[in-house]
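Have a look at these structures, which come just after this line.
In what comes next, chain A is part of two complexes: it sits with chain B in the first one and with chain C in the second one.
So, the complex of A and B:
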């Protein structure tokens, strides 16, 4: 038999993958630049199926990229820009070293830069693709916009992030597409629905960060670079779909302010700063390209989609109505935010559901009315007590607003008054499946949503139960008395043992199943055991939780009783 | 210039110290402080002021604030009004001279107006008429640099807007092929109730849970944070690991390999095989109906008489008991000289003999139960033996008991060289096989012929420790189970026919189907192997029903049932149907798990046996009972 002997590792999976170091050498980039390129282009490593084959027989730990990916990176124009920048830095360092300030100045004037537009277009060929991936971009921008203006990254980046995030919030307000809010210990989660995409982002609480040392800010900065570009383009497109002016402008209701504003607009910088701060106040609506009256949406006609029957259509319609109702949740209510509540978050949430919001003038720009306004319906307060209170408004804690949004209805304000112990704040993202543990508060909420008033009933139940107990005690005593009175010899009629047929049937079935399980194949048995283990674990956890809750409730009840007795 | 005294109280000498501007502490140790113009010593003032004087002076002297110490002369000098004023002016950055006017109108010396009289009359230089060479050289260098591309003109500022409608023209054809392969990053997990700033109380960790959480490795933790409860929103602090978590997400996005994992979305009910309902496979034993109490120690072996009326059991308390099956009555108890390892009722219906093994002995017992005729026939059969003329030297001694033993029913005593573990009758009832497990010897199995009182050792070579043996019910085969294999020997041809591989570590028991086609092997590693002798030497099916080691297996004579008893205290009855039609697969279905035996010393059921005619199963256990399931 003729033919050349086949050499090892010259075909198959060994040639489809390339290790990170080789890829770096192939692109002749430094590791940092390679990393940056991978982040920008969205290239991630791959796990080969047969690692040893790909690794040419060695079992050393290596990161592998697809060779196709690396080839794709090779004709990326941005790689050339990276090299240019490297040369620029070298020249500049040289000029500074020689104290040639003129040369340095000239070099700085021609500092090479790059744009990421084409990468965004390439990574997200359609707008929906981009929108689907905007979660991380939003979280990152909101984080960067809270950074201090010194140190960790460029001030321009921080300002850009702030601008983009404020634009995003304004868009959400205008569209009224916020769906869920959650106050977690990490920050505030928001969930909005934009063009049919569910978008969730996390905003940290407004505190100074203590910057950790084990975080590589270069990586974060690269991501932010990409994300700001992406978010900017998305914002532009979104504003365009709503016929809003981009960059956004605030409508001026008061002429005096407008005059002031026009005067200021000569100084571009101040103008941008002022408009940003005005925007970030989130209290005014935005300028539209077409006037609002025309832009008002006409009543949509509903056409049944193909293969959709009447029931589904009705369901869809109902969902739509629910959503409309949710969007108008706070319509007609007037809120005033006290100084100590998180203003931006609350203003954002309230405005998303159609409320009017204001705050103290000295707190932030953009307040529209005073505390003394008689038409205020709700005053959001987060302090144990308040000295001066107006009669015709509710004083509520901020959690009320968030809970209302998540419950899609106005909850009773009594539980949220000033100084009252708040009911637990539940996550709106949890959808309990069958068999999962559901906290009692959630059950109560579900009942409320259906239009019941369970609390009073429960109280009644409690009292009734107690009465019942008393009665039964009395009955027991009476019985005991009767027994004592009756003679000790007694003839009792024999009781027929009830044959529980259902139970017997169930047992038989269970046994049948057990026997069938014994006959399973080994592979199926493994899978079955795994599934059953998971189920059992979840049941166990649910039971544990409910037991814990029960114990806690009893303890608190006992405490209450003690207090009452005292 | 020395300060002139303004007040009489301030003393002053018109002297000059000539030492110059030197540190005056050089004169610290001398009585004088320098020299005057005449070269005479200037002496220090006699009495230096101490702190108290200083203080008094400060309190009493109204001019204290304008008195300064002159280091050069060592005296105090009081400043005059003018001097104080001067100091003030200098402190404010003004000119010292009061009369100096700093804003005098400036008069240009060289004005732009051409005067009739020039300031200088110097003729203009030649170099002011010709272009500068130095400049030319400089410009030339710059031009060269620009030509060579060393200097680039400043790039014009970009005027295009930073953001525009990027997706104005969405061309579906422009989507790269690689985009179809792209796996979008999974979204972040949404938070649950436990992450709330004010969660329901059951989501908070108790002290023990918290301790466990703290001791765990950060990668192992189920929750990456400790749930916390705050009474109000204003009390919520910043989350300290916020930036880290975002950074970790970034790392995940660009460093983690992505893979599409097919999630197995199987309904577990679908995995369970569809078996015929046990109800359709009746009859089989379902209930524990009788318990035979009497033995005080574990019962190693049981056996049923061929008529199905009597039951014999041998126990570790050195007794053999005979029971009536229907009444659980113990009819007879026979004490033997050691723990009984095995009992076996002679399967021939015309003979009433029971083989009992204890220690190195095997005794043949005529229990004297049932039909008198049969019993006496049996006795006659044994006593009718005549010694042959030439006595062969045998390894096993045959002896006839006398006295009490004879009365008890013992008819023959066979003394073996080693301990006997198992006895097994041939179907006709004349041959009896005994197992003496021993790893290193070729004498492990002996076959006795009762009618001729003859013993033979069928094997000359050791093939591993023999666990149990059995005669084939219809053909002249002999099955020997060693630790891992079952060997089937043809007794007529004196050769090995088959070697069954049991696929288990250690065979404990074996049973042959009365039809002779199937063999089941129980093993100590919880398996039951079901062989089809016609099909293959590998098990057709291996059942792992028991949780612990199997001790005994049995086939029913008529019904398609087999049972296995195990250390987990259960007897599992299976329906094993073999069809005559070779195309149809045998049906093996577990039909009942029978529980009843109490586990003592980690031992549960030690032996099982079927009733010869009824679908009943007997089991003997370590708890000293025999149980009947009907």
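So, the complex of A and C:
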């Protein structure tokens, strides 16, 4: 032997990975700066398949990065800015230590800063790529905008997040593309459709919350830095697609009164808090670059796409009509929000579907009409009772609005009156497959949507399985036939039975299926039984659940009766 | 005669000077002067100034000027209050108990300051030397020329050099998180970013980095049981899930406790204690003898062994040869018989294939599952976040009385960890490092 022997860990996966500390030293950055850089550039640690090889025989748990990624990081200009900042901090500390206040002031004035524009362009080369990542960005921005302005987190970041989230909400209102809302105990989930992408984001409630201690704030702040820049550029582009002025301005209904506000907002971007707060009121529409009269009226002609039949085209048209109808869900209705309801969330949802919203003047600016307005159709209240009631308006609880949005139709208002026990708030994000348990409330909703009258509670536990129906029908048929044979022995002129063609087809199909099942080999039949058993498991579970629910309902009814008797 | 006239004139002039003392005091000066009035011709310009006595006017004007200079205007024009005051003796001014003392608002200037202010109507003379500039015209012409050039766009040399020194990136940078920062269309084809918009190909982002590290969605919607007003079954399902996790935790703890608990067999009984105490004290001779024999058996001379081995070797070789032959025969028979065993062989093959395919599907499933799971990226493992669930009695039917459960900050943090974007970390603990104290040993201390 001898000569060129291959040594261990000199090639292969051991050289493709580099540990975190080695990478940090290669870039000559501190650990916090290295982490920040990785987050900004989108470089994530990798778990190698064979950790022992990569770790050169040891099994200690280490964080590994791909060597190519770290080499790519070395050409980033932001690394230089980080080093400049470190030097700046050192100089500043020296100046303070030596009590050279003049030098300190001068240094402070020339604080080094960096911009993330080129990173965004590199990570998201097209606009659609950026839109795909906007869920995360939105949730972060909404979360940070609810933070208290104590100074623990940069107040500027909080204000920027607030501005971006308000801009986004105004865009969604103008686009009218909100699809689903879900109120959970954590926060409010919204789902909207923007340029073909479905975007889901989470907004916390406006109540004060205490912050957990085991969350790394620096990491979250770095993510927010990246996401605010991303969201800002996305907002600009989205506003451009709708021909809206960016930064957004609000149209004024009463030009005489609002004139001096207008003048203020002419100078610079958001030099006045007033313009931002008017935007955040979400009650007025945005200014457009081009007049909208012609743009909106022109309806696009519908041409069939290649390879589509007439049926598909009809389906698409129908879907679009449904969507249009859904967008105008609350059109023409006038809402008034009472003080105790979440104003921003409700205003956003209502305006997304074409309603007019207002609230008490002392709550927030931007209220267009007062509580005494006679043309108000719905008044949203969350109190157990209300003393003064106007006649020609409905007093509803806020859940009515959200449930209507999820059901895509106006639900009967009686279930949501003030002081009435609300029906449960179902999640629109749950899609029940065949055989899954469907709660009775959802069945009622589906029935309402189909236009049937709501059935009574006892009949609601019927499952909608085709096979069950078929089987039960067949059994009934057989029984009926037997009875007929037994009773009628006489010969009477026959009656022409109207043949239900659909029914006949279904029966024929079922017959064929049964024949095929009978003709199977034993081996195959065994397999088939196993499969059907597995399929029917979910059905059996559903039946169990409905039985449980029935038991609970009966128990609650019994309780109610007892209470009534008392 | 002329000399006498001149002398007489001279005497007369001397006598008419004021302060001239006469021997005889002249009571009535007019007696010497009556009839001696010199007749002057006032029609000549020369004599207008000479023989007119304007002393009184001059005195009056001087007086006026003095008043203007010193007292700020004619005294006759001043009001009585400015010049005199009626002295009615000291009066004690009682402060009004109701009036609140205003500090600063009612602060009038002091009377002494008012008195001491210069109130002359004659302004101090202007120092014209201060306004004189010898080359004012030159400077004015230069300024006009510079203006004309600046209007055309030509800058003086100094400004040009200064502007050339300016570095484009060193102007005050706009902070990234400035709430009033401007955005532009980043994705326009000809839009260049401020910095580093077009890196050379070898510095461009590698393709692998565009792949997301996890297939999980960024925002996972909560289960329907986590609604603020959930329906019965989904709430029960969620409670069951939470219950299961708690039960699993308890089970793990119990298992650990069980494993660490003391077993009944390990407890010391009287018998075992006695045996331990007595161990080693009672010797058994049989064991010793056996040990000795074994030792003897192994000590054998080297020559005897080689002979045995050669015989053994021959036997072994023969046996091996026979074995090989038998093997070859067997092999021939087998290969002929395999023709008749085709069915079983194919069955065997099918079974093996099935096994490999099962293993393949299992491996693929495992891979798919791994893609969705959080990977182990560092020292700590990913801890799944606690389920946010409100118990039945905590549920409030109204949005107003809702108490939010769980923190979105934590939820987002855990989601980032779950999607392999950051490694799970825990808060750095504050370790107190004590300084090592060095104390001399007692022996060293004694040696002095």
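Following the convention adopted for this analysis, the second predicted complex is superposed on the first by the 451 of 566 C-alpha atoms of A that agree within 3 Å, B and C clash if a C-alpha of one lies under 4 Å from a C-alpha of the other, contacts with A are read in each partner's own complex, and residues count from 1 in each chain.
Everything below uses one rule, namely that a contact is a pair of C-beta atoms (placed from the backbone, for glycine too) under 8 Å apart; a residue touches a chain by one contact, two chains touch by 3 or more.
Being a predicted model, the structure only gives us computed values, none of them experimental.
After aligning the two structures on chain A, examine chain B and chain C and state clash or fit.
In the arrangement built by aligning on chain A, the partners chain C and chain B clash.
Look at A:116 in the shared chain and tell me whether it touches chain B only, chain C only, both, or neither; answer first, second, both or neither.
A:116: touches chain C, not chain B.
Using the superposition on chain A described above, determine whether A:552 touches chain B (first), chain C (second), both, or neither.
Both partners, chain B and chain C.
Which partner does A:151 contact after superposing on A: first (chain B), second (chain C), both, neither?
neither
One more residue to check, A:62. First (chain B), second (chain C), both or neither?
After superposition on chain A, A:62 lies in contact with chain C alone.
Could you say whether A:39 touches chain B, chain C, both of them, or neither, answering first, second, both or neither?
both
Using the touch definition from the top, say if A:527 reaches chain B (first), chain C (second), both or neither.
First partner only.
For A:106, select first, second, both or neither according to whether it touches chain B, chain C, the two together, or no partner.
first
Pick one for A:517: touches chain B only (first), chain C only (second), both, or neither.
first
State whether A:196 touches chain B only (first), chain C only (second), both chains, or neither.
Once the two structures are laid over each other on A, A:196 reaches no partner at all.
Can you tell which stretch of chain B bumps into chain C once we superpose, 163-171, 343-351, 523-531 or 595-603?
For chain B, the clashing option is 163-171.
Jot down the residues of chain A that show up as touching in both complexes, chain B in one and chain C in the other.
35, 39, 42-47, 63, 68-69, 72, 109-110, 117, 120-122, 126-127, 130, 133, 135-136, 139-140, 143, 182-187, 189, 200, 202, 204-205, 207, 209-212, 214-216, 219-220, 223, 232-233, 235-237, 240, 246, 340-342, 382-383, 397-399, 421-422, 424-427, 429-430, 439, 441, 545, 548-549, 552.
Across the complex, what residues on chain C touch chain A?
My answer: residues 170, 172-187, 193-197, 199, 203-206, 208-210, 213, 217-219, 221-224, 226-234, 375-379, 388-390, 397-400, 402, 404-413, 416, 420-423, 425-427.
Across the complex, what residues on chain A touch chain B?
My answer: residues 35, 38-39, 42-47, 63, 68-69, 72, 106, 109-110, 117, 120-122, 125-127, 130, 132-133, 135-136, 139-140, 143, 182-187, 189, 200, 202, 204-205, 207-212, 214-216, 219-220, 223, 232-233, 235-237, 240, 246, 340-342, 382-383, 397-399, 421-422, 424-427, 429-430, 439-441, 511-521, 524, 527-528, 531-532, 535, 545-546, 548-549, 552.
Spell out the part of chain A that touches chain C in their complex, as residue ranges.
35, 39, 42-47, 61-63, 66, 68-69, 72, 75, 77, 109-110, 112-118, 120-123, 126-127, 130, 133, 135-136, 139-140, 143, 154, 156-157, 159-160, 162-163, 182-187, 189, 200-202, 204-205, 207, 209-216, 219-220, 223, 225, 228-229, 232-233, 235-237, 240, 246, 268-271, 340-342, 382-383, 397-399, 421-422, 424-427, 429-430, 437, 439, 441-442, 545, 548-549, 552
Mind pulling up the chain B residues that touch chain A in the complex?
Within the complex, chain B contacts chain A at residues 151-152, 154-155, 162-167, 170, 172, 174-176, 178-179, 182, 184-185, 187-188, 190-193, 195-203, 206, 225, 227-228, 230-234, 236-247, 249-251, 253-259, 264, 266, 268, 271-275, 277-278, 543-545, 572, 588-593.
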